[in-house]
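These notes concern the structure reproduced below.
Chain lettering (A, B, C and D) follows the sequence in which the chains are written, and residue indices restart at 1 in each chain.
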Amino acid sequence: MGDAYNRIAAGDVGRIAALSDGVFAVAVTLLVLDIHAPERADIHSEAELLAALAALAPRALTWVLSVMTLGIFWVGQQTQLNQLERADRDFTWASYLFLAAITALPFSTRVFADFFQFRIAIALYWVNILLCGATIYLTWAVATRRRLLRADSSPDTDRAIRRRIGVAQLFYFLGALIGLAEPLAGVAFIIALQLNYAVAPLRSWRPPAAG
Amino acid sequence: MGDAYNRIAAGDVGRIAALSDGVFAVAVTLLVLDIHAPERADIHSEAELLAALAALAPRALTWVLSVMTLGIFWVGQQTQLNQLERADRDFTWASYLFLAAITALPFSTRVFADFFQFRIAIALYWVNILLCGATIYLTWAVATRRRLLRADSSPDTDRAIRRRIGVAQLFYFLGALIGLAEPLAGVAFIIALQLNYAVAPLRSWRPPAAG
Amino acid sequence: MGDAYNRIAAGDVGRIAALSDGVFAVAVTLLVLDIHAPERADIHSEAELLAALAALAPRALTWVLSVMTLGIFWVGQQTQLNQLERADRDFTWASYLFLAAITALPFSTRVFADFFQFRIAIALYWVNILLCGATIYLTWAVATRRRLLRADSSPDTDRAIRRRIGVAQLFYFLGALIGLAEPLAGVAFIIALQLNYAVAPLRSWRPPAAG
Amino acid sequence: MGDAYNRIAAGDVGRIAALSDGVFAVAVTLLVLDIHAPERADIHSEAELLAALAALAPRALTWVLSVMTLGIFWVGQQTQLNQLERADRDFTWASYLFLAAITALPFSTRVFADFFQFRIAIALYWVNILLCGATIYLTWAVATRRRLLRADSSPDTDRAIRRRIGVAQLFYFLGALIGLAEPLAGVAFIIALQLNYAVAPLRSWRPPAAG
């Protein structure tokens, strides 16, 4: 059923990029809504306001964590789409599954922020990250298998992208293991790791190669 | 009134695509907000957290359902827009009506998730899906009648798109009927159906025809 | 101060269109959040659910009203942007003011829906519509005064756009006057008016002129 | 680790613009949600509704403030992106940090609106503005250092952009100092300043130079 339809369905890289930018934009902007501002009725002095804001520190920490996670996956997906010549229906659906996993992050982040002393919260957060990783790997596998890549996309690129996802997931898994033993250490490990991903390239600070 | 205005009004396929991507992105990201994370005050142990998360299963099920429904309509609309050479005011408004029906889905999904033991909730959900189907059919009818299609868009494409919408609505109607008799069976039927739509093409996994 | 800066600032029609599509997409998707689904604890039978849903009718009516209002302004702004060759800093800020007025609509709609028996609610809603109209008129005035239009944009287009905004605001004003005397009649008048704007072109249903 | 990956990662100016437009669109549309409409149960007359709406004036003031702040940073970032020939991974991450600072504005605005009689609220708001300024300066520094600018981008442009950010931050700092002494005066000072930024160019109202 629908074979004629499947041949014409979807296939627009630009639309996938636009939906993705929309999902990431909404998700990253909504994250801050989980940091509830202190209630006016509870605050009667500078000291109380300062204390109320300081009490938000754990939420702020998971906010930083989630903002960076979203950024890493956004950059990762962008890198993949840049390699594409075109999309097809399979790739579109694989990308959509990836975005669905991304939209679940605000939920698992909230559970993680509220209950990081419990292993189940850490496991849930890690499962969500794993799903994001698995689906972004799937999109790349579909892209290569269905020959959607640009002609100038090299096998090195293919290897670099696959290795990148694998290594990142390995570190997330390690972070989850550490977190099961010592929650704060797990969070700190993952944030340090993500800072390395995001900031590392800034260290080199060399003029780019020509072209 | 406004005849001169109507000739110049709207007519930008890119803007319709951009608004659509925005609406779908917001809708799909907001869906997860309906899965309320457990309250910190209610949870005192791993077991209680696990129980609280398990209690969210029906919500998670309707979340999956709605994410897939949005995905199917997003792919369907994208397929139509790909066939267009240009848009005009009628097409723009028909597309806008379709998007309005889409924005209602989070509401009818919530009612469905909370009250799926009641026939009215199932009927409401089905009416919303029907409205989405009717308006996306309308956009296509406008596109063909107003000759907005690309020159290389074949009659086969026209038939495939119309049949696709008709068959999908037939199945949704069947799912609603099953749901009226046995709610969970109706949900299961629709999810199975949607997985078939989304995943089916992945089975074939053959290199695409050249070009 | 900043004269050198002002010459290079902003000026990208595509960015204005993208921000606009984002604002309209978020606004139209958020509108449905004001229709609160019935609470599970309050509903014990089909009849109670039906009654609870029927009680949402006034909210649904203002939802329809606001969805159409957003649609009309979105089409109107799109029509303007289509006429532009380029943008500059003034046009960008005028467009931004227009979008700010649009983002206030969910608030004044909510007040209107809850308090349409009070004249102040009707006046507030009308002031918001008036601000949207005034700012969209301002964007067009800036576009013509700063010579941002495409070379093929005719004086007829200029007249059609100005007359359109003026006539629409006249009708909104009339609707507000009627609403002050008889709220439901005012709402009915405005909805009928908007349906005429949106649906009227569909009546003609003729093949477009060549080109 | 990941050197091969870093060379291919990100680098699409259009994606950065699209994510930015999405973030600004969501942020500016969400701001109005902080102006809570009066509750139906509390209002029994025109006079009570008028009083309830008048009581929202401080919120409306900070809403205006935040809408303008977002507008100024959106125009500022757009101005930078217009100068770019291409992006790279460093620029993408610097832009993402800027957007993260922007997404925090609704939170610090809310705290500011509720507690502007307390110095800590003003300091928090100012720190957020400072972070936005520092990160947008960082993106420009990365763009120039990594030679991402268009060939026709002049040193004048570079100076104008750097001076602009510096001067604006100086004024925000001044506004914060005034606000510490006299909160309302600080808000008034910043709003006046922002109106000058946004509206000033409208005064000149001269036809643009050819080209």
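Operating definition for what follows: a contact is a pair of C-beta atoms (placed from the backbone, for glycine too) under 8 Å apart; a residue touches a chain by one contact, two chains touch by 3 or more.
Every value quoted in this text rests on a predicted model; they were computed, and no experiment measured them.
Engineer: Comparing centres built from CA atoms, which chain ends up most distant from chain A?
Structural biologist: So the farthest one, by centre of C-alpha atoms, is C.
Engineer: Taking all residue numbers at the chain A/chain B interface, are over half used by both copies (same) or under half (different)?
Structural biologist: Comparing the two copies, chain A and chain B contact each other through largely different residue numbers, since under half are shared.
Engineer: Please work out the Cα centroid separation of chain B and chain D, and write it as a whole number of Å.
Structural biologist: 35
Engineer: Centroid from C-alpha atoms only, then distance chain C to chain D, rounded to Å. What do you get?
Structural biologist: 24
Engineer: Mind pulling the chain D residues that touch 2 or more other chains?
Structural biologist: 18, 21-22, 25-26, 30
Engineer: With touch defined as at the start, can you tell me which chain A residues reach chain D in the complex?
Structural biologist: Where chain A meets chain D, its residues are 17-18, 21-22, 24-26, 28-33, 35, 37-38, 40, 43, 45-46, 49-50, 53, 67, 71, 74-76, 78-79, 81-83, 156-157, 159-161, 163-164, 167, 197-202, 205, 207-208.
Engineer: Residue numbers of chain B touching chain C in their complex, please.
Structural biologist: 1-2, 4-6, 8-12, 14-15, 18-19, 21-23, 25-27, 30, 88-90, 92-94, 96, 99-100, 103-104, 106-107, 110-111, 114-115, 118-121, 124, 142, 145-147
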